[in-house]
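Next up: the structures, one after another.
One chain, chain A, links the two complexes that follow: it is found with chain B in the first and with chain C in the second.
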Partner chain A sequence: MENVAQNKGTSFVKSLLNAWSWLFLILILGFFEIYAQIETGNTFLFRVYNLQSIAVAASQILLLALGLTLVIVAGHIDLSIAFSSGLASVVIALVIRAAGPDAGWMIVLLATVAGLLSAALVGIVNGWLVAYLSVPSFIGTLGTYGVARGVALIIAGGAVVSIRNSYARDLGNSNILGFPIPLVAAMVLALVCHYVLKHTRFGAHTYALGANPASVERAGVDVKRHLIILFVISALTAGMGGLIYTFRFSAGAANSGEPILLYAVAAVFIGGASLTGGQGTITGTVIGAFIIAVIQFGLVFSGLPPYWQFVAVGLVIIIAVLVDQSKDRIVGGKA
Partner chain B sequence: MTALLKVDGLKKRFGGNEAVKNVTFTLNEGECVVLAGDNGAGKSTVIKMISGVYQPTEGAVYLRDEKLTGRSPEAVRSAGIETIYQDLALADNLDPGLNLYLGRERVVKRLGLPFLDRKTMRNDAVEVMKSLGIVVPDPAAPVREMSGGQRQAIAIARAIHWQARLVIMDEPTAALGVPEQREVMALIHRLKAKGVGIILISHNLPDIFAAADRIIVLARGVVAGERRPAETNDEEIVRMMMGATL
Partner chain C sequence: MKKIIASIALAAAIGSGSAALAQDEDITIALVPGLTTDAFYITMNRGAQVAAEALGITVEFQGAEEFDPVLQTPVLDAVIARGPDAILVAPTDSTQMIEPLRRASDAGIPIITVDTFIDDGSYQDGSGDGDFPLAYIASDNIGGGRMAARAMAEAIGGEGAVYVSNLRPGISTTDQREEGFKAEMAENFPDIQVLDTQYNENDASLAASQFQAVLARNPEVKGVFGANLFSALGAGNGVESAGKSEDVTVIAFDAPGSIVNNISSGLVDAAIAQHPAEIGYFGVMAAYAHLKGESIPTTIGTGFTVIDAENVDDEATQKFIYSE
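For the complex of A and B:
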């Protein structure tokens, strides 16, 4: 009897810890709302502009973090996303600019395909390095981080490639039913990645790969092919990030993804992934990205020096790891 | 009746080193043969030649008169020989169902898209485990929350579920506590009752005597002797393992 009660107790704490990121998100939203009410007498949460700004900031982080989640669950890391994103951004802008000021939607589409292909190329190289040459992913993708950065800057001539194209501008700055297109794109991709990770055989193999690569190999799965696909997915979602950037600002920038890289990594870990692999979910990453976006925007909104965001996000990462560890301890105690 | 497995004159050379010189034995349905021997006697090399991981320099392996030598490990597996390694090759973060089906997962179509059929896989895992006399405490929990004996049972369940006719077990009790070692011994007896042939690798004497129908002792790459447990004792087996001749 006592045992049952105890199990119930631990499972309650366990589900609370599993939901901590939701609770945390609600907590900081509540904090900024109360702050806004007291300081300015205005609402923080219930203004469309604020919500849209948070959503767009979260989308930028998410687009880099989604594919990265799959890579981290498999027990690897992809640092090169910062510049798969930047490379795609530059390639898209260059193609649109080359077509001249009257470029139609066909050119925009062509540019998109070219941009995503350039990102995918980075992913293929990452996968090949990790799968076939057994280069640790941290080192391999640090290498391609540099290569992609250099190539993007070289083809951009070291400058921002600005474009004038109404299709691209509208795609980056319009709303669908009040939802900014970047948010819609990120959410659709999140749904796809969630499906792949949670509900497909590919997803199950990804989790197994993170826990014990030998288990997947002996089960007859082509692990090399699996790794290459993982890194291509990661590069492609990052490439989408570059695409959205170019459309939003009518400019291709090699460095556009760089400031987001560490936020993307942070979002994945705040969402419950573990550095050793085998853990993490897309839902967690989505919440992680929103937590960071709320902190970023909320601090600016509160009129605090924006540098506080680095302190705040840093603290959240540490809290996330501590919560994760105490969760392990509780599960471990039960077993 | 022909034997389930026939190992005929296996020899394996790595460069100038002859790891296995000449190994011949047979194994019948529902029989457990223990390959005993000191480190370096050639036990692992022999089972790797059976499971297709190594190709022998000379000799061949037959399953019910079907020649297996020359086939890939996957082909040997689908012919009905399952190898359970010491580390069990489980994915600790997945539930027993997904571990049972790893690499061959079941899916159902929903809205035209394939979704993992977790429910069926879990139920199947519970069923197979039940046939091994093991109750799965929580079918949805990851296998890292299970005991060493239960985890071993999952690896064995995987073999049974995929209709293995022969299971090779490499030191299955090496990392386990005493109660769990007993659990594994009980599992081996249930496997035998199902007509599955077993090759057990061990150098733990109590295990050898508890599990074996026949003991084949390897020393320096050759068969040093073959005994039934009833007609031998610890001392003789150890002497043969150390390389004394028959």
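For the complex of A and C:
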């Protein structure tokens, strides 16, 4: 009996701590709104343009971060996402360009499939390295980071592959009922990942793998297969990021994912994931990505000197880790 | 709560500094550099602020921390949201920044590109996707590359093997420097062999080891043209650690303090200094003229100065060294 009561108390504290990222997002939105009102007399929050811009920036981070969340929950890391995204971006652009200027829907669809397949390949290699060769994921995916980057640069001829295709351009730059398509794509994928992580056996095994890998093995789960699927999911969501990138900028760029890799990792940890695995949620990651995007947009919108961006994003990451640690201390270790 | 109020107060205090500069003219021009932490763009901002002061308008400097379209686009979006009267921007990619800049143009904000360009760099001529900016203001980078080639040819006595150390392909300015360098060599210095370009991703230590690799393969290499800051610093460092300072000439493009100090020390033999302050000054002036209903030229080319051991300490040279 006593045990049950204690569990209840613990889970209440836990949910409170988990809500901190929501609170934080609301706080910074409030801060920028008040600041904008005082400084310019304009609203920050209630302008469609601002919200759309923030949403698109967040989506690009989020697409890298979604699959990564699953990998981190399982106690691993995937650094290669920056370049599975870049590889997909280049492959899509090359296919569209090869088809000529009048390429239609079918070609764009075909290019999408080709791009995602190329990304999936990186995921399979990652999973194989980690599951079958027991290479630590940090090292293994650092290796495939280099390989994917090199391959993308080689097939792109070292340059940016520009395309002219009105379908692709519209996909990257139009809105559905006011919602930018990159946001819609990221949200659909977020829902899928959320469902997988929270409501399937696969998700439960993923948490268990992060918390206590030996027990999962004992329970008869095919851990090797599970790991490969995880890394493929991670590569695929990153590949979607590369796809959206190519559509937005009408260009395939091998380096397209590189500068946001750290933001993606930060988004996952701000969202409550733990370096040691077993913790983390998709909702948390979504909020994490939005926190970063809001800060980046808000600081420029407020006209603060550009160097404040470094400080702000850095501080948020530190705060995230501090909260994560105190969570462990209060609740007593992993979930 | 106290903390929030304090930070709002702090933010307001920081913000009011720039607001106080605005005088009768209620014109604000945004300057979006390729990156905010580079001496070249900081010097450009210095020139822009001189023009702003002269006109009594405000110029805001806002950019990303790295030279990258993925990072520049959100900054640009936020700058557009502030609704400046005009935007001066150094696009971080000639292709990828077309769509993000089109949004500004669609929002009715005049665009002038500085230092780098989008599309083919000739605007308002009815050709290309990125035809909408009003003007392109920059050094003539092809001309600068040619100047570097002439300085190199003179230093190595008109014969031998040289190569270009560059950061990566696809950046309009550095591509053009390389193009100009190679063209001048091909046209006027047939006895100089230009080896394959080495790309270093803007990493000086990679540029240094690339020099050593090139040297190992081609022991007769006599010169390196570093097409940007880190390419030149890295190549210079590679030359020095190979003990080849006497035999190998390093020509740098750009003249921040770090390069200029190395001219004094002998690591770098000469630097082709652009005039970024001029770019900023004329950028603001052109935007202002446009906002006042005057016509402006679609291209404005700014000059270069060669800085070497002979003139590096001259009083007249100092204004060409970039602020840091």
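Methods note: the second predicted complex is superposed on the first by the 313 of 335 C-alpha atoms of A that agree within 3 Å, B and C clash if a C-alpha of one lies under 4 Å from a C-alpha of the other, contacts with A are read in each partner's own complex, and residues count from 1 in each chain.
Here is the rule we go by: contacts are C-beta pairs under 8 Å (C-beta built on N, C-alpha and C of every residue); 3 or more make two chains touch, one makes a residue touch a chain.
Values in this document were obtained by computation on a predicted structure and should not be read as measured data.
Q: Does chain B (first) or chain C (second) touch A:G146, or do both, or does neither?
A: Touch status of A:G146: no partner.
Q: Quick one: classify A:G314 as touching chain B (first), chain C (second), both or neither.
A: Neither partner.
Q: Which partner does A:G100 reach: the first (chain B), the second (chain C), both, or neither?
A: neither
Q: Go through the superposed model and pick first if A:I260 touches only chain B, second if only chain C, both, or neither.
A: Only chain C; A:I260 stays clear of chain B.
Q: Thinking of the overlay built on chain A, is A:G172 touched by chain B (first), by chain C (second), by both, or by neither?
A: Only chain C; A:G172 stays clear of chain B.
Q: Could you look at A:P136 and tell me whether it touches chain B, chain C, both or neither (first, second, both, neither)?
A: In the superposition, A:P136 contacts neither chain B nor chain C.
Q: I'd like to know which partner A:Y35 touches here: chain B for first, chain C for second, both or neither.
A: second
Q: Which chain makes contact with more of the residues of chain A, chain B or else chain C?
A: Answer, by number of touched residues of chain A: C.
Q: Let me check the overlay on chain A: which residues of chain A are in contact with chain B and also with chain C?
A: none
Q: Any idea which chain A residues touch chain C in the complex?
A: Touching chain C: residues 27, 31, 34-35, 38-40, 47, 49-50, 53, 56-57, 60, 158-160, 162, 164, 169, 172-173, 245, 248-251, 253, 255-260, 293, 296-307, 309-310 of chain A.
Q: Within the complex, which stretch of chain A touches chain B?
A: 195, 199-201, 203-205, 207-208, 210-212, 214-216, 218-221, 278-279, 331, 334-335
Q: Which of the residues in chain C end up touching chain A in this complex?
A: Against chain A, the touching part of chain C is residues 4, 7-8, 11-12, 14-15, 18-19, 36-37, 60-66, 68-71, 73-75, 77-82, 93, 95-100, 107, 129, 168-170, 199.
Q: Show which residues of chain B lie in contact with chain A when the two form their complex.
A: Result: residues 74, 77, 85, 87, 89-94, 98-99, 102-105, 107, 113-116, 144-146 of chain B touch chain A.
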